[in-house]
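Please read through the structure below; I'll follow up with questions.
Labels A, B, C and D are assigned to the chains in the order they are written; within every chain, residues are numbered from 1.
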């Protein structure tokens, strides 16, 4: 398989661990996972890119497809542990302004606490 | 470059460190190196395969082209630090019986001492 | 001197990974560094995906051809097909500021391609259509 | 279901690395494990080298085509050319014991190919000649 997705719940935040490639061939799996999370009202999501070797615009589109509903519900998608080349794709598109990107997972999770308090 | 060759002299033994691929495209370089060593009467040779990612029959042919003269002069070619897949090529051809293969460089070098003493 | 390398496969996204792998190998042969090679392979992914999606509407019986040409100055990659053509005048790059405000979902492929490559163009020879990606073999990308 | 993937390049050993890279990617797609994929790519290296050397005598203006076909049971790789053909009856596998005693230099390519693959055969369709390498997609190689 070119893409495996693991999901863990950490302190009320859903962390997604994609392992492999997100391209037009594997994106349905990624898209369904995101849509199911939203359907189940999980609006605090961290995408840990440690095992993500590659993402194409198909994957970006999947994120764009859910981000509005997530934000409308006071949630967000935080990114962390992106490889240089994956970060580069977000950067080329200017999406580093659209998504909060963290070096490590812990701050990507705790960053949701701020939203909690307000 | 697909193949780099470094040569070091250690205790009177010539150690060759190929880095990259030995195939029909790069084999001339490997062949010339071997032939130059023989021309300069370096008959005690260790081929350290640590950086050798790949060898095809072209590389085997280059070894076969010099081994007779080397052995006629009381020398030999010892192999060491072969990756599993490179070892596998020697094994498939039955060449593990033709060449002494060592796990590490040190014993591949000191094994020549025996020949010295006799 | 020119060097050619062609790859042909069914219009099936299962071959995307192979197409990007071949592209990375070809970029190395042309002397591009790993980071540029990855970027170029992403541009090829996008062009092939568009071909499968928009030119062939996912008809797996159709064929996509990648033609790599390395010249002294540049690497040229033609993504060729015999399906629905697209003309240069049809291509609209989204205004990215507007785009982000509206959380739109598609249309990012061509943006990526044009931002990565030195040039992206579309053309036809009779029934054969292509998306041509060009990258200069300048110092910038070597190393 | 069958899957096709074709690669075409000039009869130049500079493309050997690309041919083996493509083969490894294709083997992964067919579900072979890394070790088997490497062995198969070596068999392809040998077949392509023979084609460049014996079928085309290093004439870089000629073309080599690799055709990959994945069926339910096997991976078939045809190394095709339009140069000097070789027939099955011409092929002599050296006696390896004799070989080692005589320190012979060439003739190892076909030995490697036949020891790695489930079958190696040569054939022609008119002016088109091929070396066909076949590997079964059995359990043995998966993992």
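Going forward, contacts are C-beta pairs under 8 Å (C-beta built on N, C-alpha and C of every residue); 3 or more make two chains touch, one makes a residue touch a chain.
Note that this is a predicted model, so its numbers are computed, not measured.
Participant: If each hop has to land on a touching chain, what is the smallest number of hops from chain B to chain D?
Facilitator: 1
Participant: Let me have the rounded angstrom distance from the C-alpha centre of chain A over to the C-alpha centre of chain C, please.
Facilitator: Chain centres of chain A and chain C, defined by C-alpha means, are spaced 26 Å apart.
Participant: Could you put a whole-Å number on the gap between the CA centroids of chain A and chain D?
Facilitator: Computed from C-alpha means, the inter-chain centre distance equals 43 Å.
Participant: Provide the C-alpha centroid distance between chain C and chain D, rounded to the nearest whole angstrom.
Facilitator: Inter-chain centre distance comes to 29 Å.
Participant: Multi-chain contacts in chain D: which residues touch at least two other chains?
Facilitator: Within chain D, the residues that touch at least two other chains are 14, 17.
Participant: All pairs of touching chains, please: list them by chain label.
Facilitator: A-C, B-D, C-D
Participant: In the complex of these two chains, what residues of chain B are touching chain D?
Facilitator: Checking each residue of chain B against chain D gives 2, 21, 23-25, 54, 56-58, 60-61, 64-65, 67-68, 84-85, 88-89, 92-95, 97-98.
Participant: Please output the residues of chain D touching chain C within their complex, sorted ascending.
Facilitator: 3-10, 12, 14-15, 17-18, 21-22, 25-26, 29
Participant: Quick check: in the complex, which residue numbers of chain D touch chain B?
Facilitator: Answer in residue numbers: 13-14, 16-17, 20, 35, 38-39, 42, 45-46, 49, 52-53, 96, 100, 103-106, 108-109, 111-112, 115-116.
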